[in-house]
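Both complexes below contain subunit A, partnered by subunit B and then by subunit C.
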Partner chain A sequence: MRILVCIKQVPVMAVPCLVQGRWTLQREGLEGQISEHDLQALEAALRLREARDGEVIVLTMGPPHAEEALREALARGADRALLLSDPAFAGADTLATSTTLAQAIRRLESPDLILCGARTSDSGTGQVGPQLAEDLGIPHVAYVEEVLLEGNSILVRRTVDRFRETIRLRRLPTVLTFLRIPNPPRQVPLHRIHEAFDVKPLERWGLRKLGLSPDQVGAAGSATRVIGFREPPAQRKARVLRDDPDRAVEEILQALDSRLLLNVQGGIHDRAHNPPES
Partner chain B sequence: MTERTTPPNPEVWVFGDHRDYFKNRVTLELLAHGRSLAEALDTRCAVAVLGHRIETYIMEYIAHGAQAVYAMTAPHLAHFKVTTYARALVEMVRIYRPSVLLIGGTDFGMEFAPRVAKQLETGLSADCVELRVDPTNGALVQTAPAFGGRLLVDVITPDRRPQMATVRPGIFQERPHDPEATAPVFYVDPVPLEENDPLEVLEVEPLQEEECSLEEAQVVVSGGRGMGSDQGFSLLHRLARLLGGEVGGTRPAVIQGWIPKERMIGQTGRAVRPKVLLTFGTSGALQYTAAIRRTEFIIAVDRDPDAPIFRTADLGVVGDALDILPRLIRALEARKGTKEVSDAESARG
Partner chain C sequence: MELELSMRHRVVRKAARGFAQEVLAPWAEWIDREARFPEEILESMKPLGYFGLQIPARWEGAGLDTLASAIVVEELSKACPAVGLMVSVHNSVAVNPIWRFGTPQQRDRYLPCMARGDRIGAFCLTEPNAGSDTAAVQTRAELQGEHFIISGNKIFVTNGGEAGIALVIARTQLTSDQKEWSLLIVETDREGCLRGHQEDLVGMRGNPVCPLVFQECRVPRENLLGEPGRGLRIALEALDGGRVGIAAQALGIAQAALEASIQYAMERIQFERPIGHLQAIQAKVADMAVQVEAARLLTYKAARACDAGNGATQAAAMAKLFASATAVRAALEAVQIFGGYGYTRAYPVERYLRDAKATEIYEGTSEIQRLVISRKLLFGRKKRP
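On to the complex of A and B.
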């Protein structure tokens, strides 16, 4: 079974975390990391390969340094990697991205499964998976939680709009996208790191190799255009209190009283019994 | 005076997602906003709806503001199947060529809309929190959260049509129901059923999830990364009990496992509109603030004085949630104690 995993390198965001009672900014020494849900897709792929022999190929489109993400995926256990990188690919929206990825997939020896995260942790539109499937003319199932192999077909389970669904795909290939799987991504074994750099193959393809024209990819092949970023307008004018927690608590209580008609006593359920005086 | 049957400009369309009609209001919310876009574009706002035996929904859409309805009905359209529905809607768009097409950002919508956009080779913006018409050129400006929710990005679809966007439930406000409203209904020949579809849905069962009425709650207490731990969250539960409210949390809190996924407030979770929301340790990512903005009064506590949550709140407290919360709980408990004593006294008297 040949399994292709599409991954994206996203910026590492410094996030404050409470570690041993202290607030610290957690930062890894990397410029980028593999998007969270793509890692889950990779984990699902590695488990499927363990269940049935095969090959896991990782694919990404990005600037040259996106190679780091591919090396990490190789260290995690993927067999080989393909980097789609070309200045012409820059500025792609999901339409152009899906065109580029689909063309690369057509040129790879036909995979049985194409897996990726249901949305990336940066822009996170969740549109590339379904658009890739549309381009390739194959099915797509999003939010997959479980994949079971059954001869030549597969069974998948997922939850959508508060329904649990069991779906059979009678023919492959198919695109599956993941939001959460029960198995956390595995740790990177140290001995695999040198394999990822020295042993396992990593290919680089540009526009010419894909056989697409420049107006199908990148910003030129995109239907949308970003016209600007801005700070969100303040939606309300908050009265902001600081430095005096007791006074802050008093103000919160007053706000609750007037908004919920708490009438100084008890909870909101007392309203019926204690109608406010008017 | 003869009634105008076709508007002067290409229309604004809203996809009619009529599953779970009484709870799933996103179509009606988009319809209300679509009406204002249509007005700015000097055209009408229509619903495109697919299904089997959907006459009731067509009437409902008209009562909620649809100025025209395009419908495709057939037994094989009874189920919301992504590939069939995408082909069907693409067919309708190719016939009538609307300028704008809005689709509700349900799980189904997020699988369906990208396929429709891809077939039409047009642009699609996900999770929009604002949609407006640029008065200088009539372009639909699609605004969505960017960079982890600190900034907004404005996007246009300059050349291709329709201009497409998905919007999560709870972003816009639906219009009141007007049973007197009338509008033309156009039926389109159904697309055929796919032969030999490799995808087969074997089983569908409603999720047995914890009954939680976050959307209807009058008081919501919510926490984010700044709560630090699930002990922090237990304080939120105590406060919620004191106020007769429900507890929710941000996406980071869900990822940390401090609160179940069903209680996530945000664009990919639930939208709330209580009388009062108390939000603790939430910096105010746009994905979160978009889902709380219909709250009447927002009280926010966060350590970071520059946190964007203070631009969304009515009352802000710069401080550690883990310091403020116990004080607030003690104060409310003291009042409750006083009240119980006085109730007991009045019962005696």
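On to the complex of A and C.
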């Protein structure tokens, strides 16, 4: 099984800052990291490969230093990496991004699964995965939490509008976008970092190699342009529970659970890794 | 000199930071309170390469350089200095000397099991009457036929309670009847090797520091590490790398104190504004940040000197001296910024202070570092005090 994972390097930010005079995030000089949900997609891919032999390929479009995100993905266990980098790709919106990624995927040996994060932590549109599927003319499921292999079909689970859905996909390839998975992404083994840099292959493709024209990619190929930002007014809805404490605790738990803030099956984090209650 | 980290070093930092913050940090307070490591923490570190940082893949190590190791220790120590200490000592003064000075047989026998973390390493120099004065070591190793018979008391052995392999410095009479010392590899499960009670330390409480007592402990002759009679020299050389590790520990603690201070300064409201708006607090944060950055540059420079392989004694002593002082000062200021709350166990800053102090003492006190540095400047060579 060949699994392709699309990842994005996003800046590590305590407080997001905008570039002076432009509606875009200040990224210069900031440390990069793999976007949170992309990391979950990668973890899901690695687990699938462990369940059934195959290959995990990581793909990113970004500036040259996005290589770091790919190297980290290789150290986590991906088999090879592809960096799409070209000055022409700069300023891409989600359409230009998915056009570029789709073209790269067409030029790779066809994958069985294409996994993405449901949305990035630095822009959060949630559009790239579904647009990628449309461009490639294949099905997709968004907001996936779990993937199970069943013979030649796959089962995916997700929670939408507070319903847990199970979907069977009979036709591959397909695009899946991940929101959260039951297992936290694995830690990076230090002794795999050498392989990630010196052994595992990383290719770099530019505009020419992709065979796209400059007006299909980057700012030129974008259908949208951000013309303003505004912080939404914060709303606070406080509720004071004055019942007996046991009932109140029950209610708080239910309220948190109904907003999916609790994972009732044992926590997003592995219990074994948390200190015992004292 | 290259001042920016390479991409490879940044990936190492990301790996260690991820482990330290996600897995280790939630345990730090518990480890300090209970004065022990939970088994699952050790187990989770083993497959991640923390116990074979620098040795090549051939012996199941991660093949990192000294700079990468320092970054790892810095990140671990930022979350839990007792674990940073364990990893630093295990790698820099137990595993690395076997790799650097060991025979091919010794490397094959000890490195893989140590790199996997199946055998934790310890380094035994200090004795009740030999601290800064390393030449006062009394422990003896007498060669009888094909065995050394070791007798003596080693104290303050970092990792002692967990250690499977100890490097022991003992007086020998192999090359002369004069004062000479040799280094021996001792499996701690040998008969005659006894562990004392864990020290009730002020800081670094999670680390099982304890005495190791040798009562006519028999060790095969082939366990001699390096040339006979050169043990003290090898040990002091290993301490260059060790001191970079201690500097990295101190750096991690100082960084933690700085970050805690910044966060608290913007949360705590007095006079209707976060105390971070008070100039006095701003000055503290600024001074801390400058010192931490300077400590980082010195530490990384010393690590690079170790990797370059042409003498790191001076750089390592400077890094350890400055970084440990920075950690103590930063932790002290953090307690001050936290006010009364900083003086309670409800916040981690008092722990940073207790942990930081140790870095000014072990692997050569600050006074000894100054001695090392000034000797070189004044007399142009290393001379023992």
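Keep in mind that, in the parts below, the second predicted complex is superposed on the first by the 210 of 278 C-alpha atoms of A that agree within 3 Å, B and C clash if a C-alpha of one lies under 4 Å from a C-alpha of the other, contacts with A are read in each partner's own complex, and residues count from 1 in each chain.
The rule is short, and it goes like this: a residue touches a chain if its C-beta (ideal position, glycine included) is under 8 Å from a C-beta of that chain, and two chains touch if they have at least 3 such contacts.
Note that the coordinates shown come from a computational prediction; the quantities given were computed from them, not determined experimentally.
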Checklist entry - In the superposed arrangement, does A:Arg208 touch subunit B (first), subunit C (second), both or neither? => result neither
Item to check | Touched subunit A residues, subunit B compared with subunit C | outcome: B
Next on the checklist: Contacts for A:Ala133 in the overlay, against subunit B (first) and subunit C (second): which applies, first, second, both or neither?
Outcome noted: first
Checklist entry - What is the contact status of A:Arg242 with respect to subunit B (first) and subunit C (second): first, second, both, or neither? => result first
Checklist entry - Touching A:Val188, do we find subunit B (first), subunit C (second), both, or neither? => result second
Checklist outcome for this item: Overlap of subunit B and subunit C contacts on subunit A, residues 269
Item to check | subunit A-facing residues of subunit C, complex | outcome: 7-8, 10-12, 14-16, 18-19, 22-23, 26-27, 29-30, 33, 38, 40, 44, 47-50, 52-53, 57, 60-64, 72
Checklist entry - Tell me, which parts of subunit A touch subunit C in their complex? => result 31, 33, 65, 67-68, 71-72, 75, 184, 187-194, 196-197, 269, 272-276, 278
Checklist entry - Tell me, which parts of subunit B touch subunit A in their complex? => result 19-20, 24, 82-83, 86, 106-108, 110-115, 117-119, 121-127, 141-142, 146-148, 151-160, 197-207, 209, 218-219, 225-226, 228-229, 242-245, 252, 275-276, 278, 286, 289, 293, 296-301, 303, 305, 308, 310-319, 323-324, 327-328, 331-332, 335-336, 338-339, 342
Checklist outcome for this item: In the complex, the residues of subunit A that touch subunit B are 13, 15-18, 23, 93-95, 98, 122-131, 133-135, 138-143, 155, 159-172, 174, 222-243, 245-246, 248-253, 255-256, 259-260, 264-269
